[in-house]
Amino acid sequence: MPEDDATPADAPPPPTPHDAAGADRTGRAAPSGRIWGLRAREGRWVRRVVPVVATPVLLFFAPHVYNNLAFLTTMVVYVVLAEGVNLLYGFTGYLPFGYVGFFGAGAYGASLAVVDWHVTGLVALVIGGLTAAIIGLVVSPLLRLSGAYFALATLAASQVLYYVVANEPWTYGESGMSLPEVFGATETYVIALVIMALALAVTVAVRDSRFGLSLRAIRSDPVSAAMAGIDVVRARTAAWFISAALAGLAGAIWAIMTAAFYAENPFDLTISVYAIVFALFGGVRTVLGPVIGTVVLYSLYQYIGISNPQYFELVYGLLIVGLALFLPGGLGSLVTGSAARWRRRRTRPVTGALDGAAPGGGTP
Amino acid sequence: MAHRPYRITTGLAALVLALGGLATLSAGSADAASAHAKAGTITVGTLYASTGAYATSSMPEYAGLQFWAKQVDSHGGMYVAPLRRKEKVKIVAYNDQSDPATATSLYDQLISQNHVNVLVADFGSVLTAPAITIAKDQKQLLFDVTGSGTSFFTSGSNPYVVLTSLPVSAVWPKPVAKLLIQLKTKRVAILYCQNDFDQAQATAIQGFLKAAGITPVYFQGVPTTQSDYSTLVQSIKATNPDAVLELGYPNNDIAFLNELKATGTHFKFVLTPFLGQLPSLFTQDVGAPAVNYTYTYAVPPTLVINHVNIGLGLTAFVRQFAPGKPSTVNFLDVAGYNAGLAVQAAFAHATSMSQLGIRAGITAVNGKLQTLEGTFKVDNTGEQLGELLPVAQAVPHGKGFALKIVYPATPAQVKMVNAKAKYPAPTK
Amino acid sequence: MQLFEYAIVNGVLFGLFYGFIGIGLNLLFGVMRLVNLAHGDLVVFGGYLGYSLAVDAHINSLWAIPLSIPAALVFGFLVYHATVPRLRRAVDTETASLIVFFGISQVLEALMTMIYGANQVTLPSPGGPVSLFGQDYPASVVISAALSVPALALLYLYLYRTRIGLATRAVMADEDEAVASGVRVRRVAVWAFMIGVAFATTAGTLTAFMLGGINPTTGSGLTITAFTVIIIGSLGNPLGTVVGGLLVGLASSLSLTQAYATEWTAVVPYVLLLVVVLVRPSGLFGATVRRA
Amino acid sequence: MTTLLEVRHATTGYGTIQVLWDVNVTIPEGVTVGLLGANGSGKSTLLRAVMGLLPLWSGEVLFDGETINHWDPSRRVRSSIAYMSEKGVIAALSVEDNLRVGGTGLAAREVKAAIARTWDDFPILRERRRSPAGSLSGGQRKTLALAKALIRQPRLLVMDEPSAGLSPILVHEMVETLRRVRDQYFVTLLLAEQNSTVLDVAQQIVVLAGGRKGFDGPLDEFRSRTDVAAQFFGLSAPPDVPSNERPAND
């Protein structure tokens, strides 16, 4: 559900008209008045609080529907990752192909804290998040790049990190990580839900704040944003750290759940790819889009794995191709009727790159 | 702003719908599973990988387990001691696509949705690791077929994991080290892949050799994904070694042997671990002439053990498993079948239908069970101790090659022609 | 010293092959900004074609090269029309293409597994060792490297000696201006796409030789190597791609001769990529800087 | 005088933001038209619509009396409507390759002849023929852009800010060059400009303000009308800045 028209009413108009999404923001005046007997101001709080609270609560009862905690916890971990991708890609236009590096850093940070320092589970989680943020600091020069270069450079960085972890004895690289039981399965699930709630809260906060507005301005046109007085580097770096820390937390809770793993597992590139696909499938620049994308696609993944294993990859691959081509705005676009907007945009000629109407294309 | 809460509602509604869909799916699969879990059957849950890195090894292992179930059912089922009757066996299997994260949720699926009686792990340490965790957490008995990772068996006593086929990788190379000492090799080169399995062997062999006063002249790790061995072979050649040990996965072993073949490089002693497990794959991918005189670990079906007190002997197994094509039977087929035999023995001596009751069945037969892999004996962490891994050498045999055990001398229960190691290897 | 020389020659041989793998991707990415994550899988598909010819039809696997080219052109044409027009209309073509081609990569991997099974397949070496500078190299490697050279030369001729090649370079350098000059971008793109796919499958027929064997999952690693090679050598510059390939080949080969570097071999291309994008984001031969 | 190009009721914009409101322009063959307007007045947008680089929401573009709405940009370029964008050249290609790109679609012999003619008309380009266009000075770049647009000997040359980024002296030279080119190539010019010096070359002036047409008449009349100046200096221009007028360092 793209709530990309979620600019607060007092927001200035977008910096340039060639951001089509921005065009929608200004092109449609939000009607004022009451809904559910609430004033606009209260309504705003409803839409801030409801997704953050209702989503974890709904998922909290999911084990009563489908009691497979390993599956559900992994799914929630993916929701966190998809929201992290959403923050970075949806709001700044940076596609972190090597996002899994933060996940792996979080997993190993937390695990080493448990195994070597014997810290409690919650401390380990925090250490996991911090480890990822520190890695984020180390690789922050990559933010100078853009587009596919950024995507591939982060991928390379995550692979370098993976080989360091896999080769070094102090990370138990070759023998694999083995954790004692830190939390019970249900406890792990609840903690994963709390991390997810945090991720959702952060996304809501970013969406509705001036910070989020600056990020979107940067996404649509970094030069104009800088001229409008936005500190481009600082805003990007902040989003980068938040996103890294979220992935680190996700990695930490994943490590605690999995308990026995090798470096290749938390650094598996498919984790990045899935997080990106889930986020885009649901619809980025929204709060619930990545949640829905993950729940639908990951359930499907599990279902295909159980029911029709022979053609698993084939079905999944075709599904992804079809969705990306025919539902480019994500599932959310179906819900909110953005599909109509998309159709209108389609009428642009193929040479659209020249008319400058493609926001974020190439040089986000 | 007023339309906003409406859109939130739509979003949440979509989420509820998605969860509902999930519930429907799970109900569907649970139905399918409950059909399996009906009374009068023992359900064995397992995973296999039809694609991905482990498919080559996982599929034969799964085939062996299926063969076991078919055998048991053709005899009216297996004896279940607590019920005092025979029960049919059903295998519930899912495809993990070689992906450990998928494996995690599928192992859980087998326990929480299908309520299987026991779990059998997928091939190898990477896909077994998540099963170990779940087995401990959910107190579910796991038969670990080939997951011999060192970290699985170190955390004190664990009644829920039973390694059925191989000793942990650190003890594998003991006979190799002894053979090298016996052959009076001085300059040993060790090239290993950086993974748990190979690294543990390399370190162990280095330790055994050092104890005998031999320091390897070459001791290097390479990534498991390594496929270009040309420069490495030249580096090894430069150290002028008496013996070369290449410790990798099948793809590494094949690439290494092909490199020797393609450059005409000759070493006096070459060992690769997987030749003994997958001889037909090596015949196809390297060719018999280039394989000749290579050393490897001897495992069934190279190691012929017919003196058994459960299931089929090796010769009978090979004949029945692949009628007419005995050469295609490999170790992993045997390992899958052997895991079935361990399950069978456990139920035959179980004290109750609880997980610990079934584990007690293993304790009851521990050290007494003779299978086509040898003596079945586990310690209290579940680690396998009983089975053998002698060293074999490929020698020319007709158009192909035959594997002959060269060290140690034949144990009593092994019916197998011994041979003296041909060292140094003749030039091909 | 002998070992060092061996590593240099070996690195060059592999480098030419890496350049060959990269060049098709360079066309696709350079012209249309399509992040073709299925590139490596197309390469492996070509490898299986060669394998089929050798094993099923009992003819030299190198016949796969002439046979695969028309097939690849047709396949490229179909995939282009199925995906690219829609992708080009997407709000962010790079990202959308990344996802679409990830899906295609999954489909290709699945098809290869269904047709050829998951096992690694190898091809018999086409002959005994070949002596170069007094040392022996596998014939398969030498032949593959030798075939890479004319392939790269052909692409060079296409880009620098034909009119559509000039149009292709114009689109790579500045699509807006090329359109304004009357270049038919769609035609350029179709050909670039088809030729890119053909280069991938042609290079693929050599992979079973070079890599010792192929399996359905070999492709993803090759995709990454190919991206590394083309970014190091600058987008749109075929000569740069060759140099990028040589750099990756040499660095990997030399690291294998160093006592404590062997285990870090796999990291070499990634480190090279990071250094290049951070120090000189346009690649070694690029003029345009792609910074935000 | 026949009408070469006619824009009827042109309405368009970017995304959902409308930039042009019902603009009508008629360009007779042989008459140089200067399109004036401040930043954001819609000049470049109108030119893009003429070239087919931006589709019209409604309205029509006629060339030689025939509607060309459905022609894609390359067809328009190949049918005698040349376009010289603000950038004008492909920086990474050599001077000669730029000219050859300008001749895309022509027969090889024609391109060769056209390039030979260019060397005579613009000797400076011949000296730099192997250098990348990106290494040229600002004035040389504009010259190359002009030469590239002229390769096909178009009937109509649409130019977006030919004087942008040039020093006053160079602007003056540019005006001279344009005069020379107009007479030598018998080409009708449509220039969008902010710089009034360039007006010297024009015979007819069209002023755009806020996406609507203001003044439209002969140069002399434009000069005598003070009220037009207000429009020209963009007092009623909207705050929106079309993307093509972003700073060049983007």
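Order of writing sets the chain letters: A, B, C and D. Residues in each chain are counted from 1.
In the analysis below, contacts are C-beta pairs under 8 Å (C-beta built on N, C-alpha and C of every residue); 3 or more make two chains touch, one makes a residue touch a chain.
Note that the coordinates shown come from a computational prediction; the quantities given were computed from them, not determined experimentally.
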Chain pair that, of all pairs, has the most C-beta pairs in contact: A-B
Centroid comparison with chain D (C-alpha atoms), farthest chain: B
Centre-of-Cα separation between chain B and chain A, whole angstrom: 38
Inter-centroid spacing, chain D versus chain C (mean Cα positions, whole Å): 41
Distance between chain centroids, defined by C-alpha means - chain A, chain D (Å): 45
Junction residues of chain C, two or more chains touched: 109-110, 113, 176, 179-180, 185, 263, 266
Residues of chain A engaged with two or more neighbouring chains: 20, 163, 167, 310, 312-313, 345, 348, 350-351, 354, 363
Residues of chain B touching at least two other chains: 50-51, 194, 221, 223
Residues on chain B engaged by chain C in the complex (per definition of touch): 49-53, 55-56, 59, 194, 220-223, 225-232, 234-235, 238, 250-251, 254-255, 258-259, 261-265, 281, 284-287
Residues of chain C that touch chain D when the two form their complex: 163, 166-167, 169-170, 172-174, 176-185, 236, 287-288
Chain C contact footprint on chain D (complex, rising order): 51, 53, 73-74, 77-78, 83, 85, 87-93, 97, 100-102, 104-105, 108, 132, 134, 148, 152
Interfacial residue positions of chain B with respect to chain A in the complex: 1-8, 10-12, 14-16, 18-19, 21-23, 25-26, 28-29, 50-51, 94-97, 99-102, 104-109, 112-113, 125-126, 129-130, 132-134, 136-138, 149-152, 154-155, 194-196, 199-200, 221, 223
Residues of chain C defined as touching chain A within the complex: 29, 33, 35, 82-83, 85-96, 98-100, 102-111, 113-114, 175-176, 179-180, 185-186, 220, 224, 227-228, 231, 263-264, 266-267, 269-271, 273-274, 277-278, 281, 290-292
